[in-house]
Amino acid sequence: MVTYFSEIYRGLLSLFEGMGVTFKEFIKPTVTVSYPYETLEMCERYRGHIELIENEEGEPNCVVCMMCQRACPSDCISIAGKKEEGSKKKVLTKYMLDFTKCSLCGTCVESCNFNALDFSKEYNLASTRKEDFYFDLLKRLEDRNK
Amino acid sequence: MNLTLLNVIVAVVIAIAFAALNAAYLVWAERRGAARIQRRPGPNINGPFGLLQPPLDGIKLMAKQLTTPGGADKVLFIAAPVLAMFPAIMSFVTIPFSDTIVAKNMNVGVLMIFAFASMGSMSLVFAGWSSRNKYSMMSSVRAVSQAVAYEIPMLITTITVVMIAGSTDLMEIVNQQSPSILHWNIFPLLGNSHNLLMPLSFLIFFTCTLAETNRAPFDLGEAESELVAGFHTEYGSMGFGLFFMGEYANIVIGSCMTTILFLGGWSCPFGLFPGVWWFIIKLYILIATFIWIRWTFPRTTIYGLLNLSWKILIPLSLFNLLFTAGLIKVF
Amino acid sequence: MNAPVETNAPIEIQPDETFILNVGPQHPATHGVLRVKMEMNGEYIVDAETVIGYIHRMHEKMGEIKTYPQFLMNLSRMDYLGALGYSHGHVLVVEKASAIEVPERAEYIRAIMVELNRIASHLFWFGAFVMDLGGFSPLMYALQDREHILDMLEAVTGSRLTYCYFRFGGVYNDIDDDFISAARKFIPRMRKSLKKYHKLVTGNIIFRKRLEGVAPLSKEICRKYGASSAVARGSGINFDVRKNEPYSVYPEFDFDIPVYHECDSMARYMVRMDEIEQSLRIVEQGLAKLPDGPVMPKKKPKIIKPPAGDYYQAVETARGSFGVRLVSDGDKIPYRLKLRSPTYSNMHLFDEACKGMMIMDALAFMGSLDLVIPEIDR
Amino acid sequence: MICEKTKIALENLFASKGVEETIEPEPVQEVETAGENVDEKQQELPRPDGVIERDYSVHGYHLDAQVPPDLLIDAVKIVDEGEFFIESITGVDWIKENQLEIIYDFSRYDFDLCRVVIRTRIARDNPEIPTITTIYAGANWHERETRDFFGINFVGHPHLVPLLLPEDADFHPLLKDFKA
């Protein structure tokens, strides 16, 4: 009999305690970031899709060593380059990133020995068309320099 | 005769409007309240404070197609949501909001409200049975056992109050508790009974209201984590909307009853300016508590719920009934 | 509110009285695409058959066609809530096989990161579990706390869920002072939150009534099915890979393994809640002991080619004992890579254990197993 | 401790059945010192049946028992008596030797650490092996998974239908000659 009543009493008490907790939360300010109206700054090491890094002349640092293409686990990078006559260095002519396959692992940036790749901080990339995710990084570099 | 008929029609229209408006804006209040408890802003885009959200939701629901699952019992399937809304609206007719604002006062008002309240669980059974969905079926089976289990302590508690007041007329019950907070049935120090166990009765009644209206933590009928959405799994469009409105209308009725039976209706705690505003304040405080409880507690189990009713609420309410009867005899 | 009803009471079943209930593949309680075919007698489960494989991606085959570093990112896709623990197992087995030395600082960073990730995973589980039982608000509170961890991890690894942070021989990035101070600030905050959770949820009579005495799991059934993590520890088995077969720097830390002997859902809940506290202790000690130095070894083979052989490494992830079996034939891609996922075994015993339960209890039990479906299906 | 006991029990199993008694003592003495050389040697010629004690710090397990398929049940029974729990079952396709290897991992819940690996090799063209679900109920899914991936028929399994692969799958992706 005593346990019966004490259990009812303790049960009720625990319910009121719980309600106390939610009431305390009720009067605290909200913590939400209302997304389209406010946006957050991406942190410094945020791994977005990749971007080419340019040198002082606005040309990409890439020397077409194909390391990134080989390192990519998902085959999303395709590079092409050609050798200018007279010069020893290869020049990048095409850098396509198939972002539909990319898993944002960052292995390409890690494998690059020439400081030619970096992560973009862009994250508003939603689209309804698949074609929007075939990035031509050279073109993006040009657009950035405009 | 004509006048009374007109009276009733106007009252029904007002009741429907009141119920619908309440339902719509209680959804808004619930969403806002839940959001605040969870430290979110809640709906705040449409209109100031998101106040245009409910009408827009209503328009969206109405614009949707009402689908009937294949092999469903069509008549019952359509009838169920109507049946969910109808008793709630009918109950409004007899509820006195103040000594003047009442559509049709009856000397068996309490009985009438309980009669209509029992119909509510019928709509769940209809919906669950006719949906031809196993989850809905299980939900309606639960709803029946829940309704049976909780109407008993609820009625016993009400009888206690009726005994104290000596009447089943809701107006009369309120008038009995009118002068001050100490005359209310919840703290009956100066009233007729001097029963110190009445706060317990209030708690029992309140718990039963939660269970009767299928609110958390007793929302076993729609227990979304196990029964998907329970009885209204197959409902879309306004069929779902009516269930939703019915639920909130039932909450309002339940809170109205609690206010009338225990909190002195429209009477002021200090005996000043009694009137409809006191009723409204008490009503919405109770509704806010409903919302608060819903967003605090997890759901009970079906056997936990039945245990609570049969092992705790019914014995306690019966004891309180006898105790009150004894006190009335003595004083 | 007396003692709970005996839910496992034998019930007489007439053969034609049962019906089949398909819980899932899309169902609120299954947290993903899991399907349980239940034979029901009213609300009681007579028989259950779990159907998995809806999100099977054949990671093991991917392991056989990719080089070792290329497979790193797959491990985060296995379990999206406690990704780092899985990566840890993978890098450890490859390091062991190809004898790569790991700098001490990197080991400490790994341990800190894994423990933070474990807390994040347990927090999410806590929220989702209480939501399975019908309580909404704890999920939001848990997510708020988890958000702090994710922010910290993002600042270091650059990603919020699929970290891909560990490398063979070390870690990708060194942690900075911001991270250390943020982690130091997080520990007392989390302790305060834990108190709140215990007040709001653990003490709650409704919650206790739903879990206490429900879904008992004997030691024997745990052993026969190979259960680990809180499922085993809630049944009185003192088993944690971090203690039983210490790896990495875990022997350096002073922490306890919470073990409960009640064998019910409540015990499993309590084990995980206590584990949050133990993980906080590890993080605290790890931050205090963190040595200086590089995070990648100076000498590291350019191409990883473990010598031929058969290697096994088990680690304790947020969900239990995760094992990686690596069969190498000396090539730069593994010959066979077996991933032993803990929830696979934990979920397996559901079929047998849920017989005779009511559906509500069974789903609460399922919640207490801490399921992440992609991790079962791999 | 338990390691020793299990090892002796497993050795006795080989002795009692008289399976390749002559070769059996050799691998026992061959406790590894430098794991790599031994492994490479073993890779070249298929390893004889028997129990080997492995270097835990290199391989991550203590006992490595290769048993012929007909002794599998007995070996698993020994492990079961030692209160081991089942960790996983998997296969490896040794296409060069035209064999399939099935690997059973067992471990212990207590601090008497001992990981036991039982492996058995069967012919690739007729992959059949008795089920161990009668001893370890938890082997059920592991065996179904192994059947999915390697097409190994576990004789006596109560419900051998595809688990992870689609119900109508007739391919076995982890066989080395599988082409997607």
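To keep things simple, chains are lettered A, B, C and D as they appear, and every chain counts its residues starting from 1.
Here is the rule we go by: contacts are C-beta pairs under 8 Å (C-beta built on N, C-alpha and C of every residue); 3 or more make two chains touch, one makes a residue touch a chain.
These are the chains along with the protein names UniProt gives them: A = NADH-quinone oxidoreductase subunit I; B = NADH-quinone oxidoreductase subunit H; C = NADH-quinone oxidoreductase subunit D; D = NADH-quinone oxidoreductase subunit C.
This is a predicted model, so every value here is computed, not measured.
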Given chain A and chain D, the chains that contact each of them: C
Those chains which touch chain C and also touch chain A: B
Maximum inter-chain contact count - chain pair: C-D
Averaged-CA centre spacing for the pair chain B and chain A, given as whole angstrom: 50
Inter-chain centre distance, chain C versus chain D - centres from mean C-alpha coordinates, in Å: 26
Where chain B and chain D are represented by their mean Cα positions, the distance between them in whole Å: 64
Between chain C and chain B, distance of the C-alpha-averaged centres to the nearest whole Å: 43
Overlap residues in chain B, where contacts from two or more other chains coincide: 37-40, 295-297, 312
Junction residues of chain C - those touching two or more other chains: 1-2, 137, 141, 144, 200-201, 204, 206
Chain A residues counted as touching two or more neighbouring chains: 8, 12, 15, 18, 21-22, 25, 31
Category of the chain touch graph - line, ring, star, complete, other: other
Touching pairs among all chains present in the structure: A-B, A-C, B-C, C-D
Of all residues in chain C, those that touch chain A in their complex: 1-2, 66, 69-74, 77, 137, 141, 144, 151, 154-159, 162, 164, 172-173, 196, 199-201, 203-206
Complex contacts: residues of chain C adjacent to chain D: 52-53, 56, 58, 60-61, 64, 93, 96, 221-227, 232, 237-239, 243-245, 307-314, 321, 323, 325, 327, 329-330, 335-336, 338, 340, 344-345, 348-349, 352, 377-378
For the chain A and chain C complex, residues of the former touching the latter: 4, 7-8, 10-12, 14-15, 17-18, 20-22, 25, 31, 43-47, 71-73, 103-107, 110, 119
In the complex with chain C, residue positions of chain B that touch it: 34, 37-40, 134-135, 138, 141-142, 216-217, 219, 223-226, 228, 295-304, 307-308, 311-312
Chain D residues touching chain C - in the complex, by the definition given at the top: 35-36, 39-40, 43, 57-61, 64, 83-88, 90, 92-93, 103, 105, 107-111, 113, 115, 117, 136-138, 140-141, 149, 162-166, 173-174
